[in-house]
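Pasting in a structure now, in structure tokens, and then I'll have a few things to ask.
Chains here go by letter, A, B, C and D, matching the order in which they are written, and residues are numbered from 1 within each.
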Amino acid sequence: MYFASDNAGPAHPKVMEALVAANAGYAMGYGADPIMDAVRAQIRAIFEAPEAAVYLIINGTAANSVLLSAMTKPWETIFCTDCAHIHEDECNAPEFYTGAKLTLVPTANGKMTADGLREKILGEENRGVHGPQRGPLSITQVTEKGTLYTLDEIRALTATAQEFGMQTHLDGARFANALTALDCSAAEMTWKAGVDTVSFGGTKNGLLGVEACVIFDPEIAWEFELRRKRGGHLLSKHRYLSAQMQAYLADGLWLDMARSANARCVQLAEGLRRHNAATMLFEPQANMIFFEIPRREHKRMLDGGAVYYVMNGDHNVGDPDEPLIGRLVCDWSMTEDGVSQFLDLLRG
Amino acid sequence: MYFASDNAGPAHPKVMEALVAANAGYAMGYGADPIMDAVRAQIRAIFEAPEAAVYLIINGTAANSVLLSAMTKPWETIFCTDCAHIHEDECNAPEFYTGAKLTLVPTANGKMTADGLREKILGEENRGVHGPQRGPLSITQVTEKGTLYTLDEIRALTATAQEFGMQTHLDGARFANALTALDCSAAEMTWKAGVDTVSFGGTKNGLLGVEACVIFDPEIAWEFELRRKRGGHLLSKHRYLSAQMQAYLADGLWLDMARSANARCVQLAEGLRRHNAATMLFEPQANMIFFEIPRREHKRMLDGGAVYYVMNGDHNVGDPDEPLIGRLVCDWSMTEDGVSQFLDLLRG
Amino acid sequence: MYFASDNAGPAHPKVMEALVAANAGYAMGYGADPIMDAVRAQIRAIFEAPEAAVYLIINGTAANSVLLSAMTKPWETIFCTDCAHIHEDECNAPEFYTGAKLTLVPTANGKMTADGLREKILGEENRGVHGPQRGPLSITQVTEKGTLYTLDEIRALTATAQEFGMQTHLDGARFANALTALDCSAAEMTWKAGVDTVSFGGTKNGLLGVEACVIFDPEIAWEFELRRKRGGHLLSKHRYLSAQMQAYLADGLWLDMARSANARCVQLAEGLRRHNAATMLFEPQANMIFFEIPRREHKRMLDGGAVYYVMNGDHNVGDPDEPLIGRLVCDWSMTEDGVSQFLDLLRG
Amino acid sequence: MYFASDNAGPAHPKVMEALVAANAGYAMGYGADPIMDAVRAQIRAIFEAPEAAVYLIINGTAANSVLLSAMTKPWETIFCTDCAHIHEDECNAPEFYTGAKLTLVPTANGKMTADGLREKILGEENRGVHGPQRGPLSITQVTEKGTLYTLDEIRALTATAQEFGMQTHLDGARFANALTALDCSAAEMTWKAGVDTVSFGGTKNGLLGVEACVIFDPEIAWEFELRRKRGGHLLSKHRYLSAQMQAYLADGLWLDMARSANARCVQLAEGLRRHNAATMLFEPQANMIFFEIPRREHKRMLDGGAVYYVMNGDHNVGDPDEPLIGRLVCDWSMTEDGVSQFLDLLRG
């Protein structure tokens, strides 16, 4: 009953096998290992982007920060939602790497709208040299609330950005969960919809810790490489990143894991819907659910062995009837039984 | 015959086993995994420093940069040698993280002297608010030239620093190689000799990619944690760093690997000494040798299957008689036969 | 009829005289001029703060940025209003100097409330090392909307900040206008109300370009000096800053100029209230008014020789009936006749 | 007998008059004042550079830092001498603004040689992504030792830089002193000799505090403007900078002042040469002399009313026979009598 995060479960056994297999003999460091050549080809094929620059990095904060720093000038502002990971969960790493600031587009369900974005763009940068200048747009898919942008919505956002000469970054920490939920291609969800760069997550979907940075216009590739190195994010024994990503992409393992996580989330959501006392805050569309039950119920669940975060209060302290929000995340390794056990416990 | 770098060989099988063993079930992220508790205890025991703050990070550039940033103000200058890794090989990462500059102390053999350091300290910071202020000292052990500071030499350097109110950082990318060569304790080589913080390397000595940051005065621990996160260097699935370090430190594996690498270096050095045409530039004291042979000889070696870097020219282009410098590094996995093969080839 | 800004009028003749008088013979540079000693004593006396550190700097952006950088860590967030000068009009200078980010407290009339502040403080920093940490509060008095915090309101804000261990900076670009409007002492409006540092403006009130940075706790004084120098903001021929400030503070000239500017604003506001078609957006409390009239009226005024900014549209392009917001600022040199002329023109 | 610095004397009366004259009525701020249009035209004419971008800024540290930041990427290194003002006297401002580091070219007399530069360029940047990349060259004319590069020497340096794709910045804090000493045109000393940007000093030559930043390729002009603003260096009441520079350049005042300062330096040097006990360290070529006399002689001079800096010791403490270096700087206001008085005192 572990629903605290999709970064708490194990790596997939095939990934571990690949890691062990890669540990033979000598290999050139710093990304010059032959496995990386294979990974680059895999990702270019998946994205139908034969010219794309592809780099590996250890986590999502680093992927987002280094990518954004290669897209942003320090006197600009990056447009993102008010609940974006780059705003709330990266301890000023994006500001550190870019020198820029963030302009927060309000959201109801984790998703900004093109109109909301336009309003913020028009709100900034009407002050000449005095105000921050318009920098890139950064959107998150799956959003931090477990919701999804449709392809049309992504296109509307990138079109709005392009209208003002802005590029678009996609924070895809849960890229595979989004892709399988939308049942579209990686190209459709990214460059065909106007996205310029992607943080292509692996860590939350069965790897030990690797994300790919995908840059469709290779013009900023060398700058990215220098910025990655300057951030201390170029690994000498790079083959251990490459091997993880190679196994991840081989035979659709990444999609299988995401489908499994999403399916468990569907199972969870169905159970919650049948439970009278529980309300879901957003329509769960991938592998994450926010739900509200009274404090006493959270206490009962957590004392009973369920593991998840209560987002807006202490489940042990306060009015037992007060409704509190819990967050449930399914990773690839969550089983049908695990979910059933959780739902049984909830039913009491 | 792979002597290009100690970051090109495989990780030790025991490390891989530990990694696989750690991949079971769920674990708290971001350093809250139970293996990290064990690692912290191991390192505190090894350093005889029960209060030390201990953190893991992915590579030496990150370890050096984040540690130095927690020790340095952006208007200061860090004193290091003119061949220091933080100066030559980190693409301005230390400047990025600290905001400060570096003052280079000249060296003959990779080692600064206390007098050389004093001269540079006195050279800076006699200009009040106008010039850079004195920041910390950073020394490297094993040095970038394969040489070692004696304990007396370290004490003389840290005493000089302390005289001016400066702290000392030790870049120990090859800490284990130094320790076994000096046959002293980790405490003797660090805090007992006046060192305040240590980049305790593992990557070059048999790990996939982990260094420990050891801070003897835990006052800056929380700042370090925030700076690590802000640099994108806090890993969610932290247990995979912890497991490597735990295996590394268990049963003296780290020392065994370093001893083996150093022994191969001794074997190499003896062979080179017997070879008339080869000159060693510095007394090799750990696992790295710089040697000079004519270009034609380098070409013969490299064409014959030896792998190493020629440091100051192209072995294929130029006067065949011109002496060029090659660098040989032995890692833990280098075999006696591998070295013999190299020496046989050299003898022709 | 020049109401575009209080930085467009001339410096006061007494200030120019002082500048000319200061231009005799040699003087030590970099703030060691004897006039600066007098200025320091003047400001300490005015603020009833005999220990305060006092520095001069060329403009408000520099004053705010350097002060905030000495109060803020790069992993923190600074709390300010959504219309704060440091957010909207300084092209990321505060982010550049501090490395931190800004958290925007919404306002209706340029003023944040203690409740609004508390909500934002609680909204940040519940994520441990992952999110930005709480940095200082920065409030603006006179606000960017021409309104004033009462002393009680300032005290409520600083008390809220202190509750969370946060310090308070006051952006006093129009400090004198606020002080004379509130008819209180400089001490009452600052440290007695819980303010820690002040950007004490002079440029908008009759100087050529000088602000004082006042730091009530001198502990960060030396850091401030280094940060000022590192930003390129330490002037060699410092006496020309000192002389301006000395004349400004002598015989209450600063208060006289502010009173005059405020009085013209009262005159303007009375005229606008009598004009049916004009609406004032906020209660003007110092020397600045935001008013709304139809586009055609703006066009008539501006074509007729009035000079001011239309804030939310082009007065030449669009529906002539659409109401647009104009901003009127009175500086010390605005005359009663100038205001009457403007009001006559408005009446048509 | 005030020879401490050329930033300690008064501004020229004509400059003060211009400042007073500029203080009439309203003027657009932030560089949109009509005087700035005239200044731009003056500087373009002087430099024979009709397309040059021209900006004013308050001091040399700011001029150097903002210019260099628009020419340098944060992963690069700037080449300058080991005694450059940007290295020794700006408290890391260049590093703050650029994010880059400095590579120091050694000098004997304040001047780097093309060979010395080439050696350092080749020493850097042979490490791919690992080392700092080559950034611009920054040279100082008049050098910090009072010496001058010939036009041939400047051309040789910029040609070396260009060979490696590097641009050249000229720190001309004493530009006028150099120009009159070399008796060449501003164009000849800059863009015709391969210089790309110039910090064109005025502060040390009779202004209150203004430097012009001259950019021959206007492509980086907008970036410069944003960086100037972001550094807090855009002045609202800009006309007071413009007016100083306009008066400075009118009727050759700037050249007259420099010629006068240089002539006093010649007078000083002749007197020192006639004095047996005094040695000049470098051939004085502009308005600055470094000379060596025994400590007892320094003490006698300074106690007798001469004002200058002793560079390498305390004139009151130590062996009275020990030779110490004094620095003498003549500004525009130094009189023939002032120099004679000094020399009389020296003769005893």
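Keep this in mind: a contact is a pair of C-beta atoms (placed from the backbone, for glycine too) under 8 Å apart; a residue touches a chain by one contact, two chains touch by 3 or more.
None of the values given here were measured: they were computed from a predicted structure.
Although chain A and chain C carry the same sequence, what matters here is overlap: shared residue numbers make up over half of all numbers found at their interface.
Of the two chain pairs shown, A-B and A-D, the one joined by more C-beta contacts is A-B.
A centroid comparison over C-alpha atoms places A as the chain most distant from chain D.
Chain centres here are Cα averages; for chain A and chain B they lie 34 Å apart.
If you average the CA atoms of chain A and of chain C, the two centres end up 41 Å from each other. Separation between the centroids of chain A and chain D, computed from CA atoms only, is 51 Å. Contact with two or more other chains is made by residues 74-75, 90-92, 96, 129-130, 133, 226, 229-230, 234 of chain D.
The touch graph of the protein chains shown is complete. Listed in rising order, the residues of chain C touching chain A in the complex are 74-77, 88-92, 95-96, 99-102, 104, 127, 129-133.
Across the interface of their complex, chain D is touched by residues 30, 73-75, 129-130, 133, 223, 225-227, 229-230, 234 of chain A.
The touching residues of chain D, counted against chain C in their complex, run 2, 4-5, 7-11, 13, 16, 19-20, 23-29, 58-59, 61-62, 65-66, 90-93, 96-97, 203-204, 208-209, 226, 229-237, 240, 307.
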